[in-house]
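Following are the structures in question.
Each of the two complexes below includes chain A, the first together with chain B, the second together with chain C.
For the complex of A and B:
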């Protein structure tokens, strides 16, 4: 297995409060890794540390490293905008821009200086196809994205993230705000694109992790309890904590 | 019994509020009534476009063309300075410096600036633009003075409009690798712009009607021609009313003329307020 991200001794704090405690594991490339765990275990914070979204908060600081392409993304001189182009993110609540479908998809390219119309058109088509939204919207690309349904908006957000050709896609409970049928479509999209890019998904839905994940990391109270192949972790976890969580003892 | 008591209380409260509301409407209505009754007589097409002249008895004739043009020039130029600076400052406060002691102090200062009496702005304009910068008594000096009056309104509405936009849109932009200014300019500003425009119109309605700030900085009571350059003195609607009612040779004969000017000012400001309402309706449509 090739390693896409190497997490080494990662600890994260908001002010005095420690959110993550010495996390170390390796995220395999071109596969789906699910991060599960009870609310408040730090899984979202972990995801947002990888693309440095937590930098926005004044009291955030971290120790340890996250090695990506041989460099530590947490080091102060790592170019954040470049990092976020390579590591995309999809949020819990669909958050398309109040612009047309087309403008949503090309936004990332435009801010990175791509202007040629033919390139943009091509990327819009391929990104929407990858998010299996193209057939539904191909005749109304100039329609405001807010007119789409919740599930379509979330797939548009995936297309928007894919448009800048990221190497990793981070998803923070992407299906928790939409209906089950739309969630299933998104799971299918993720399985499809995981052939090309590495996917890291935070979910509180163990069934979802079981359906799509190749690897699972179980977080509890800011610590990584267990990481391994999905089947192994779900059926025969090494740790009692994991077993308790999976059998519904808490969480 | 208790229920009946409450009903009576409710009735009394309703009565008091109704009387107050009707009283306010009556007060506003009577202002309009007096102005329109006295001023309508002088209104005609010529009044809007011709130059003012006084006969030997000191009675004004002709129209208020130069004053209308002067008010438009000084308001327009004032906005040309205040709008870009005000919007950029508002963006800075909302997107770059949302926290921090210094910036909270700055916010209070901006709010204070909005409350400073306008004659103080006039003195400041005289000291800085007219004398220090040697712009003289001119449209330029007056416009700069008015722009300082407009700035706090524009800064505050911009900051609030930008802050009202949910931050998940900012995160969406950042997550695609957008820099702060790209998120502010390409994502947040386009959504906030109609609210910002209401602030801009509010500011222009305010400065178009001001007298004190232009008093020492460039307005003049009488010009026999239209202004042609920004280094000239100018006539302005509010100051012309003031002049006709205080310093003209024949005040009682000038009264109707002054009321006519007041009608024009009211119409201008009403039009601006209608524009605000239209913009607000549009904003509501977008956000729902």
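For the complex of A and C:
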């Protein structure tokens, strides 16, 4: 198992309040790792800590490290812009820019100085194809992205994230705001792109984790209770707390 | 509680219904095994016939259990120990259905032997039946009471049955060599079928022990010995 991210003793605080408590585990490369747990267990905070989305909060601070490509992404001298190119993020609600489909996809590339039209055209095509959206929008790339359906907008956001060729994609409940059919399409996209990049997804939907995850991490009250292969964790977890969570849904 | 056409209201209701059906299936399978061995010892073809004709009811119960399992999986998507509990009911139901099939095999031999003088008095076969019955009862008790220690104890009894099975085969082989008649060979062949059938009942009981242990702990029984 090749390791993409190594989480070492990670604790996260907002002011005095501790949100994550000594999290340590290794995220395997080119696979889907789902993070599950009840609301408030720290799973979204964990995801946002990985690409430094919490830095903007004054009272945020952390201990421990997240090792990526041999470097600690939490160290002050790690360039955040480069980090966010290598580790992309997709959020719960689709958040396309109020621009054309084409401009949405190339947005990151333009920020990084890519201007050559043929390069941009090629990236738009390949990114939209990877997100299973190209066939539906290829004749209307100049259309405003807001005119797409919710599911299509979310796939556009995935295409936008893929356009800058990230090594890791973080997704925070990416299908909770869209209908089941659109969610299924996104799950298929994730399974497909996980052959090339590492995916870390926070989900409340255990069945979704069961469908797409190779590995699952179960968080509870800021702690990592258990991490392991999805089939093993969902069928015969080692920890009683995991079993209680997975079986308590019918109580 | 009649479950046909009754929509399961929740996971616990579904599991309770399954356990009730499994208990019913256990009683019928054990009874079939007891009656088949009794029919062999007394060479009672009528009793043997009742075992054979009763097999359909056991098969139907297994199908009903499978239907309920599918319904639970569809409606409630159980996970972890809940999932193991549901899946293991289906596996144990298969073991019981096969126990009943072995009872039919024994009953058919009893029918064949009725009115005949046996080539050898039944000594080891009744011993095997006693142990296999104890194993089947113990295995199912370990399931219903979720008792891993009992499952381990029962699992270890299988060697006794295997040893007796080999002894029966050796003894019959010796008789066939000594008295090489068509009748001797014919009876020996069938008594080996009986011995093997009882040995399989013991094997199904050890399977129930393994399935019960995995259901409770999520671990294989052999790793605990």
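Going forward, the second predicted complex is superposed on the first by the 248 of 251 C-alpha atoms of A that agree within 3 Å, B and C clash if a C-alpha of one lies under 4 Å from a C-alpha of the other, contacts with A are read in each partner's own complex, and residues count from 1 in each chain.
Methods note: a contact is a pair of C-beta atoms (placed from the backbone, for glycine too) under 8 Å apart; a residue touches a chain by one contact, two chains touch by 3 or more.
Values in this document were obtained by computation on a predicted structure and should not be read as measured data.
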item: Superposition on chain A - do chain B and chain C clash or fit; value: fit
item: Partner chain in contact with A:85 - chain B first, chain C second, else both or neither; value: first
item: First (chain B), second (chain C), both or neither touched by A:175; value: neither
item: Touched partner set for A:154, first chain B, second chain C, both or neither; value: neither
item: Touching partner for A:112 - first (chain B), second (chain C), both, neither; value: first
item: After the two structures are overlaid on chain A, angle v-u-w for chain B, chain A, chain C in degrees (C-alpha centres, nearest 10); value: 150
item: Which superposed partner A:164 touches (first chain B, second chain C, both, neither); value: first
item: Which superposed partner A:198 touches (first chain B, second chain C, both, neither); value: neither
item: Chain B versus chain C as contact partner of A:235, first or second or both or neither; value: second
item: First (chain B), second (chain C), both or neither touched by A:247; value: second
item: Residue contacts on chain A - larger count, chain B or chain C; value: B
item: Per-pair minimum CA distance [chain C against chain B, superposed on A] in Å; value: 34
item: Chain B/chain C common contact set on chain A; value: none
item: Footprint of chain A on chain C - complex, ascending; value: 10-12, 76-84, 214, 218-219
item: Partner chain B, residues of chain A touching it in the complex; value: 51, 53, 56, 58, 80-85, 88-89, 91, 93, 95-99, 107-108, 110-112, 157, 160-161, 164
item: Residue ranges of chain B in contact with chain A within the complex; value: 99, 168-169, 171-179, 182, 186-187, 190-191, 286
item: Touch list for chain A against partner chain C, complex; value: 206-207, 210, 234-238, 242-243, 246-247, 249-250
